[in-house]
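Let me give you the structure first, and then I'll get to my questions.
Chains: A, B, C and D, in written order; residue numbering restarts at 1 for each.
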Amino acid sequence: MLLRTEKLTKSFGGLIAVKSVDLKVNQGEILGIIGPNGAGKTTLTNLISGVFYPTEGRIHFEDKDITFVPAHLRARMGIARTFQLVRPLRDFTAFENVVVSCLFARGESLREARKSARKICELVELDQPERRLDRLTVFELKKLEIARALGCQPKLLILDEVMAGLNFEEMQRMIQLVKSLREKQITICVIEHVMSVISQLTDRVVVLDRGEIIAEGPYEKVAHDPKVITAYLGEEA
Amino acid sequence: MKRNFVGYVVLAIALFLIALLRPYAFFYGVQRGSLYGLVALPLALILGIVGLLNLAHGEFLTLSLYMTYLLFTKWGMDPLVSPAVTVPLLLAFGFVVYKLVIERSLKTHHLNLLLLTFGVSIVMVESLNIWWTSRPRNIYVPYASTSVNIFGVYVGGYEFLYTIAVVLVLTGLLLFLKKTRLGQATYAVGQNPKGAAIVGINVKFVYAFVFSLAAGLVALAGALLSVRSSIFPQAGGPFTMKSFSLTAMAGLGNLPGIVLAGIVLGIAEEFVKSIPGYTGWADLVFFVVLIAAIVFRAFGRREG
Amino acid sequence: MKRLFVVLMALVVALGFASTIKIGAVLPLSDITGRQAANAMKLAVKEINEAGGVLGMPVELFIVDDEMKPEKGAAAIDRLATVEKVDFFVGGMSSGVHLAQIPILKKYQKITVWIGAASYRCEEAIGPDADWYFHLHPWDYLQGESYAHGWRAITQKYPQVKIEKIFIAYEEGAFGTSSFKSYQDEFELAKKGTGVWAGLMKDLKGAPFKSAALGGGDYRAVLMQAKQYNPDLFIWAGYDADAIPILIQAKEIGFAPKLFVGAPPGWPADFGKNPLSHGVILYGMWAPALKDVSPIARHFWDAYVKEFNEEPATYFAPLGYTNIMFLIEGIKKAGSLDKDAIIKALREIEYDSPVGGVLKISPSRIIKNQGFRAQKILQWQNGVQHVIWPFEYQTAELIYPFPGWTGK
Amino acid sequence: MKYFMIAIVCVLCFLLPFFVGAYLIHVLTSIMIFLSLALSWDMMLRTGQLSFGIAGFFGLGAYASIIAVDDFSIDPLWSILVAAGFAALIALALGWIVLRLREIYFAITTLALSSVFMIFARNLSDLTGGSAGKVLYESIFKGDSIKIYWLVLSVALTVILVSELFQRTRIRFAINAIRDDEIAAKCSGVNIFKYLLFVFVLTSAIQGAVGALYAQQYAFVEPESTFSANFLLLPMSMALVGGIYSSLGPIIGAVVLGLASEYLKLIMPYGHLIIYGLILVLTIMFLPRGIYGTVVNRIAAKR
């Protein structure tokens, strides 16, 4: 087991965003995390990547307790993530964005980092990476997010809604990309709203609602779980 | 919430003890603190809503002092009446400065605004200096030095006007922000300018309005201060940093907190000053309380 | 070609040197003190040139603003020495700026006549060897001593005056603190029965305040301490911006000592018009009223008003005039531009100054060439500054005790 | 070729005193003092932190150096290192607290700390001479202005070199990332606190050293003039007018404003500061990225 959380809880003031979550991520799988808006998916990502510390509970990564390990050290241990709303570093070119994580998460020298970054840009098919960021399309920005996360040489990669805002063709290319990453022995968590993507990609799905896990299992099974249906319908009603 | 409550109780007890032990320090602290608050509110308004630290804030105050002086010496207008003239004049002045200097730079780096207002403050100080020389001027009205008897303590009475004024201005501002359309628009712009623009609020108008309103409020403070202070080109300057300190201590967007911070710092200062032999350390207390409050709040909120 | 150029340049320089006497002044022109001192210097130069100059040469004055910044004041000395190539330095004001100028002045060792910088630190920095350095303004400790002489004379002339308990409210910067320190030093001596205050000062207390000029302006805590102490003589050492607020707040808390003394370097524009000013005593070098008893002060006053269409408002105006006149008198007496001759002459002359008093050089604690040593004790009476002491310049009788606040 | 040119310029700078007079040397010395402060302020700003504390560390260094020479008989040259070390130590101790603050809270706290330093300088009179300050009888190199110029030039070049290293090594990637987005930076493995502390301590040490230079040049310290807000506001103006986030920007700003203020004084004895203020306002209004920033932008736009 690559990652395991134990009764993970996070509250903001009075609001409980994540409530006693026991999440398990197995080595080499692609895990889908789904749930209606406000279910606590992004908070969970933030807890795992170390942006927040939990109010209660523990997080174990490769059998090490990382509950209170700072974010930059988690990145160096191999936990990488993308951001739902892309957060590129605006004062850099696309290429330099990737160099940052190669430099600091891998601890490479500037020369090595440039070499690695170039390879990563090729891998995610980011053309003309020396461009300034305001010239990049949404698809390219999403790919840049992934490229920067790959710079961390991740064992676990959390993709927070990388499909949002993409057209059908771009989505297919993105799915191919994620599949190719799995072949590089990277364990992947996909947080997604688009169900077709989940069904194509994932080995297993976890459903969150109001901060709690309400269902778990293969997509086909979970998709028919009445609890899940109510959660989604409740949202729409 | 709970910790805040405990904090306030401790604060109240401390203030009560000071009032008991050193009534003068307490009353004078309240008076000076009200003045600091009164001057700080407009700066906080601009900082909170336009997101601009106005380094020329103190110079606006100086300008209003000179205006009050001019009205007093040329036309014999009582300083307490003069806001009728100085407030509109400073409103207009604030508007002109905003339109001429600030507006076109709003979209550039936010530090540019800092430097612009610094430039404005230099130009203002030096112009006043050329016009009036560095020699201080004063307005004398007998009522500025009267005393009142509070529970057997005989203290200066005029400066309680600062307290009255700060309560009125604060209440007025809060009511305005909550109850009027323009006020709610202003509040919305302060929270999220882009969002406000999307829902159809004219952000530039709100900025111009806030800038002029702040200048007008400074004129009010200037009129009250004019009979107690000397009037010279650098008279207002020190108030900029003091106001900035209070705003930071209260936290952005917390207008009542500014008045409270002003009074707490005022009392702390006066308390230290009233201890013979330690008068010179009063400033240290001001800054230490300030830093402690900011750091305490930052650590209280800390995440990850 | 190049050689010719060098020769020409040398010629020009030599001619330039021979044809005018160049004086370089460094003053803070944005401050009223510096501006009026500069005006007065221009006036003095004009008068000298109209009278045919000195040694047959006209005098040329170069004024550079020090902006009240140490590094600017210091660079101004370098400028005057190397660009304008002046022969003499005059000017001065803030001690902080002067401290930065002293290393540069030492580099050139030109004759320097300074009218500002009262801090004893400046004297320490100048040191005992600078025979080219003339300091006209009394050092802070000299001022303290002279008040002792003044008060002793006053208590003798007016036996009802008592000054046993002294309270000093001083601004917390260099100016106020060093004033208080010199009183403390004298008090230690007086306790042993020596020093200028012996038998006069029996007890001393003091407390600092933040000057309005630096963002303060609340004196009530200090005034309360003074009121509880109940001194015979109350002195505040601050700036002109403090003058009226301190009166207002003293009135407010009902503090009216028998002698209410202010010791700022200048007074606010409306001070005399303020009814609270009546009976306030001040320490100063000069008062406009001197023009009624001293012909040279009258001459200066009239000429200044005529030339600049404003009244001299600070003692730095007559002092600036004195600065130039004293130097020129020295050159005249020396009869040449030889440095040693001029130094010798400056040490010998006696110049009757519009500041009120004869300027005569004598050594002070460290330096050899100190000018004025005494301050005056003045009193505001019905809106006019009158001289109380020295009695030879007295323009009015002392009002004692301080009339207090009733009816104001 | 480029490095050759830079080397030539540096050599010319060192030879300058043989061609120009004492006045210009003095003005240039002051400009380099402010230039170093401006660069050090900019280096901190590159992490996104607006420091109002540079006058405080400047003053701290000035006092440390004068006290080292006067009370501990340390050689004036060494005292500059002592001052840098002292400022660095204080910054290290305070950094643990203040570097958790951001934006205006960081700015006001650093400003408040400067005031605290000044209050200590004024009130610990046994050590610091109190309000009257402390005077050395002789300034460094016995006041030889050319040697002082060389010394200040060496320090200024060192600061420029450090600033360039910031721009050319991994440090640039770290601090720019922190400025752009702290969360993205830390999720990319950047140890934010380590780099902030490093930059804060280093720039404070520079400010301390520059304060020591200034104090040794004029051989005195005094609370009011040593901790003057000029040592904050002027460097800030220079960096912004020249162009922030670069080495050349603050250099250009310092030279332009430094020379302008001296020149304006000559043509306009009274009120020249009004023009100075107007220059600040107009430059920022019409060149919002500063002089250097605008030039770079124009060139980039043409590509």
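One rule holds in what follows: a contact is a pair of C-beta atoms (placed from the backbone, for glycine too) under 8 Å apart; a residue touches a chain by one contact, two chains touch by 3 or more.
Worth saying up front: this structure is predicted, and the values here are computed from it rather than measured.
Ranked by distance of CA centroids from subunit B, the top chain is A. Overall, the chain located most centrally, as judged by its C-alpha mean against the mean of all protein C-alpha atoms, is D. Work out the mean CA point of subunit A and of subunit B, and you get 47 Å between them. Our note on geometry: subunit B versus subunit C, Cα centroid distance of 37 Å, whole angstroms. One inter-chain figure worth recording: subunit A and subunit D are separated by 43 Å, centre to centre, where each centre is the mean of the chain's CA atoms.
In whole angstrom, the spacing between the mean C-alpha positions of subunit A and subunit C is 75. Shared interface positions of subunit D, i.e. residues touching 2 or more other chains, are given as 122, 270-271, 273. Multi-chain contact residues of subunit C (touching two or more other chains) are listed as 30, 35, 172, 214. Subunit A has residues 50-51, 70-71 in contact with two or more other chains.
Considering their complex, residues 30-33, 35, 172, 207-210, 212-215, 217-218, 220-222, 224-225, 240-245, 248-249, 251-254, 266, 268-271, 273-276, 313, 405, 408 of subunit C touch subunit B. Of all residues in subunit B, only 47, 53, 101, 104-105, 108-109, 111-112, 114-116, 118-123, 125-127, 129-130, 241, 244-245, 247-248, 252, 280-281, 283-284, 287-288, 290-291, 294-295, 298-299, 302 touch subunit D in the complex they form. Across the complex, subunit D meets subunit B through its residues 45, 50, 97-98, 100-101, 104-105, 108-109, 111-113, 115-116, 119-120, 122-123, 233, 236-237, 240-241, 244, 270-271, 273-274, 276-281, 284-285, 288-289.
Interface residues of subunit C, counted against subunit D in their complex, comprise 29-30, 35, 63-65, 67, 69-72, 74-75, 78-79, 81-83, 95-97, 99-100, 102-104, 106-107, 119-122, 124-125, 127, 172-174, 176-178, 181, 214.
Of all residues in subunit A, those touching subunit D in their complex are 49-51, 70-72, 75-76, 80-81, 83, 87-92, 96, 99-101, 103-107, 109-110, 113, 148, 151-152.
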